[in-house]
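Next up, some structures in structure tokens.
Two complexes, one shared chain (chain A), two partners (chain B, chain C).
Moving on to the complex of A and B:
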């Protein structure tokens, strides 16, 4: 199994290297290499999943390469194979493959076609590195590589100024999170003196009650570690207040948005917390913090989506809001539900983005939904795919999104977290509203295409849409029961009992859950929002005037817009200017470099006076030195 | 019999003269070469004296080797002197200060 897992992990890396080697020689070759490497790793992960469940393998952790093995520390490159990592790598590789396939057509007129695939393959590899790692050290490397490749991809169009700003922003915000992650790793290393997951888990069961002093206040060690690691997850998974890089990441090509939002980047934080669930399950206070962060993100960032007009930005805010749901589930210790929503979300969000991409291509790179309309007749397949993805996103009964999202909301309600429950209920309304906003504006209304004979896009762009529709709609129904009863993840995730208890007492089975949902307040809110959206966005039968301060607040994203585009740059300018003037010019340039040469100049100017050029001076020196030497030797004896 | 210290003092005096010849002479390179020869002679003198005193023939045989080397050295020195004179039209020591820093 370990060798198969290695193939799964390394295929995209080999693809990257080959692509780097062939450069721009042939587009055909780039396509073949990039797509096949991902496809290979997809098949391998499907096969591994099949093996794992059919032959009841136990979770396996294996060190493949040992970097250092001393008394003080032990560093290795290793793989952790269990149901969680296999499910996750299947999701990553499948979405990644479809995005790759879609990109063939989407990027076909791009001059740096090959570079795109180099980055995407590398992106997939780095995500798989996180997913399959069995120690914190490797997790950190994968984490940084994901950050790097997302930086490269968001700024793929290097000549577009906004893209450069966006990738800079994404990189910096992720650095903030990385500091948290790194500090957490240091604490783990200092306390447990190992980086291996399994060892840390078993140790954290025993040593979790000693305290640590930071600035005079004492913290529980394990809580401190979990909190710091979660700061890293907050940046990667775009949680308040480190979320504001994600909407800007829309500057990259659309397939990349699909990749970042669905499979390879933002899910890393959620996955990490789920992977480390044995630690988080013990840190109750941190879990509560995570729950509130998730709920706040889900509710408030969902509201922001309502006032956006760029199709990709709306979907981006929707991603942040959905990630909020997952984080809330993590905070409520419902780890398997979080992973479940992560998986369904990966599929329907990738589908939404790929639809958005094909709409954007059709409308000649117009992204403002006020200028797009009436596409239903011209793009029937995209229309259907978008419809199903939207239904899944708003959690319409029987779709995948329904099972995962309702599961989270109802379970949080079941365990009496009142405020989060109410906020999550309210965000059903906003989710439905912004989804219907895109849907009605883009596909209905007046047609804005100039050429009335437009046809659907190439079949390379349509096939992924059709394929992705299937898991977006049916995946939830398919795995709901085995997941909720704890069979799917088993011991991979902690606190399974909570989910199983919820399943037995509240859900009983998927069909019952489906029928029951029609009687819940969730469904009522959903239907109300749909009716509201229908009349407001489609019929335009009434107008709501939002108070001015509310709309400015939402458009400014609660001040985060100003924070990131005005105040932080000012501060940064001052700080870097200070560094430049005081450190660089004064200390390094003048102090170290110029000063050294000036001192040397002075000394050598004095020393060279001794060089008179007269032979008798030299010989005098030699002989007097000789005499001196002899005298010294004489004095010794 | 003449005590050995006399010989040694004589060789020291010759050596001192030769060193003074190198230092004080500011005119002529020929004199400089001659001073060098003198220095070698004083050292040879020392070798012979001490070799005789200690009854060891090695010192006296060694003098022959030194003499050969000295002959070769002065031949090279004179050849250099001729080349120098061709280029500079002078054998004045004070003119040879091109290595001045």
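Moving on to the complex of A and C:
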């Protein structure tokens, strides 16, 4: 298995290197190499999954490449193969392949066509590096490398000023999270001299008994580590308050938004916490913190989506909000539910973004939904795909999104986390509302296309949409039962008992869950929101005036907009210039160094005056000195 | 193993060759280029051979050459290598070979003497890293100033007079203090061999004074905050190759000296002062990063970033003092981090100064506002430069990460706050490095279409070979770890032995 897993990991890397080598020689060759390498990865991943479940393999871990092997410590790159990593790598490679295929047509007029695939292949490799890692050190490396690919891809159009600003911001905000992750990793490494998952997990009870001193107060070591690692997850998975890079990242090409900023990279934080669930399950205080961060993100950033008008920004805020759901599930120790929602979300959100990409191309790069309308007749396939993706997003019964999202909400309610439960319920309303906003404005109403004979996009762009529709709708139903009963992930995730208990006592089975859902308050909210959206956005039968301060707050994205684009840059410029001019130049250079030389200059000028060159001055000095000396001698005897 | 004095050859071959080039002013450019290339290449081959034959499982000094030099005073001509020396010699030989390649396509007036000074510098640097007699070390250490002084003074920019005088006096001041303490130590030890100083029984006050003298002497060289202000000025005025050798190898002499002299000789005083020295390093990491962000001259920005990165080297070294009593593993990790950071910074800063030199050649300006949108005209170069900037910001997979990671790990062994402060470098170094990239490489440039064209072959060879080694050390640095591991542990052991 290890060799297959190596192929799975390295195929995209080899693709990257080949693409770098061929440069812009031929578009055809670029396409073949990039798509084939990802497809190979995907097939290997599927095959491994099949082997793993059919032959009941046990989790395997191998070190592949030694990084440092010294007398006192040991670091290596390695692979960890179990159901969790294989499921995740299947999701990553499948979405990645479809996006690659879609991009052939989407990017066909770009001059740096090849560069795009270099970056995307490299991204897939780095993501797999995280997913298949067997130690914290490699996790961190993959973590930063996906950040790098995200940076490169957001700024893919290097001439576009706003894109260059956005990728700078994205990289820096992610770096804030990386500080947390790095500190967590180093704390483990320095205290326990290992970074291997399995070894650290086996120590986690010991770690739980250790303390760490910060400013004279002691804290629990395990909580400290978990909290620091989670800071990394907060930045990567766009949780409050480190979320504000994600909406700006939409400056990149749309397939990238689908692949990186919706389906895969942003879920790395979720995956990490689930992967490390044996540690997080023991850290109750941190889990509670995670639960609240997730809930706040899900609710408050869903609201922001309501006032946005850029189609990609709306979906971006929706992504943040959905990531909030997953985070909340992690906080409630419902790890398998979080991963479940991660998987379904990857498919339906990628689908939404790819549809948005098709729409944007059709509308000549118009992204403001106020200027788009009536596309239903021109793009029937895109319309249908978008419809299914939306239904899944709002959690309409029987779709994938329904099983994963309702599962989270109901389970959080089942375990009596009252406030998070209510806030997550309320977010159903906002989710439905902004989804219907896009849906009604873009596909209905007055047609805005100039050319009335427009047709659907190329088949390269349509096939991925059609394929993605299947998991967006059916994946939930397909794996709900085996996942909830704990068969799918088994020992890969901790605290499985919580989910199983919820399943046995509340859900019973997927059909029952589906039927039962029509009687729940969740469904009522959903229907209310749909009716509201229908009359408000489609029929435009009434107007609501929101209080001024609420709308400014939402449009200003709770002040994060100003903070990141105005105040921080001003602070950076003024403060750093001040430090440089006042301390470096004024104090050290002029004050200490040049002043010293000036003073020396003065003294030497003064001293020089004694050397007048006149013989009578010298003789006077000699004589007076002699007299003085004689006097001293005289006085002593 | 070797029947010829390999270290002497490494030192004197380039010095003699360099002197010959300096003297023969009328030599044709072609011939001088070939001579330099051949000499630096031979040196590189010999160093590689040396590192292969270096037995890194042994704790002993190797390739020892020891003969009487000045009989009456007991001064020896004593050369040898340990793991740290080997790694730094490899760096020196490699960087000098790249400078020789780069120089082929460049125009300088009086090229043969220009190249000659670099050869002399190479010999002196190798001498500094291999001398195990303190007077011999001091002589090499001090003579380093002369060729660099001449390189900046003759081939430098407009304001070179101020810069050279500042640079010269600054470093001279530090080395005078160092000389005094070396003489004092040798008068007690009745020997000039550095290793004999380790076992001296000094009183606490003696140690304190010697420590401060060393701190100033090596601290100026490395440079530490607040004695760093000579570096940006010197860099701005130096020609490209001068900046390269200054940043990538000359600064390392300071770190090397700290490890060789300060750590084992003045341990007790070091433990006493370690907290304050750690603060100085943290100021270098954080404050200097802010200052780097404020720069609008590319060379100054990178110069300040060098100071910030050397902050990690000093932090790693001073952490050893701090951790000696509590956590020896963390101390070893910190010291190894410091050494690896030196090697890595040697490669990355060299790459960045080469890159800036290439940009300057095209646009005749080093200011950020005069250079933008380069990626439109020089895509390959831009790709490489972005890679170097990323390496400068400590991206994993590049060598820039390894040293910082180890030093931060070690600092967490003593105190999480120190670790947190050191780790802010992750954010700060990215903010100034990418600011440079954002302004210079990206954006749209329609005005200046004539100025830029893709690099020539020599430049590409130089940059690509740097990329390869930065990646190599970032992905599988195990070889480097093997070279330095025994030496590091040995140093820490000898410190502990000296204390008892």
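Things to note:
Throughout what follows, the second predicted complex is superposed on the first by the 572 of 637 C-alpha atoms of A that agree within 3 Å, B and C clash if a C-alpha of one lies under 4 Å from a C-alpha of the other, contacts with A are read in each partner's own complex, and residues count from 1 in each chain.
In this text, contacts are C-beta pairs under 8 Å (C-beta built on N, C-alpha and C of every residue); 3 or more make two chains touch, one makes a residue touch a chain.
Computed from a prediction, not measured in an experiment: that's the story for all the values here.
Of the two partner chains placed by the overlay, only chain B lies in contact with A:623; chain C stays clear of it.
With both structures placed on the common chain, the touch criterion links A:614 to chain B but leaves chain C unconnected.
Considering which of chain B and chain C touches more of chain A, the answer is C. Once chain A of one complex is fitted onto chain A of the other, the partner contacts of A:172 are limited to chain C, with no touch recorded for chain B. Residues of chain C that touch chain A in their complex: 166, 169-170, 226, 229, 287, 290-291, 293-295, 327, 329-330, 332-333, 336, 373, 375-376, 379, 390, 395-397, 401, 405, 408-410, 412-413, 416-417, 419-420, 423-424, 426-427, 430-431, 434-435, 438, 441-444, 475-478, 481-482, 485-486, 489. By the touch criterion given at the top, residues 65-73, 112, 140-141, 144-145, 148, 155, 158-159, 161, 164-165, 168, 171-172, 175-176, 178-179, 182-183, 186-187, 189-191, 193, 212-215, 224, 572-573, 575-577, 579-580, 583-584, 588-589, 592-593, 597 of chain A touch chain C in their complex.
Taken in their complex, chain B has these residues touching chain A: 19, 22-26, 32, 93-94, 96-101.
Interface residues of chain A, counted against chain B in their complex, comprise 608-616, 619-620, 623.
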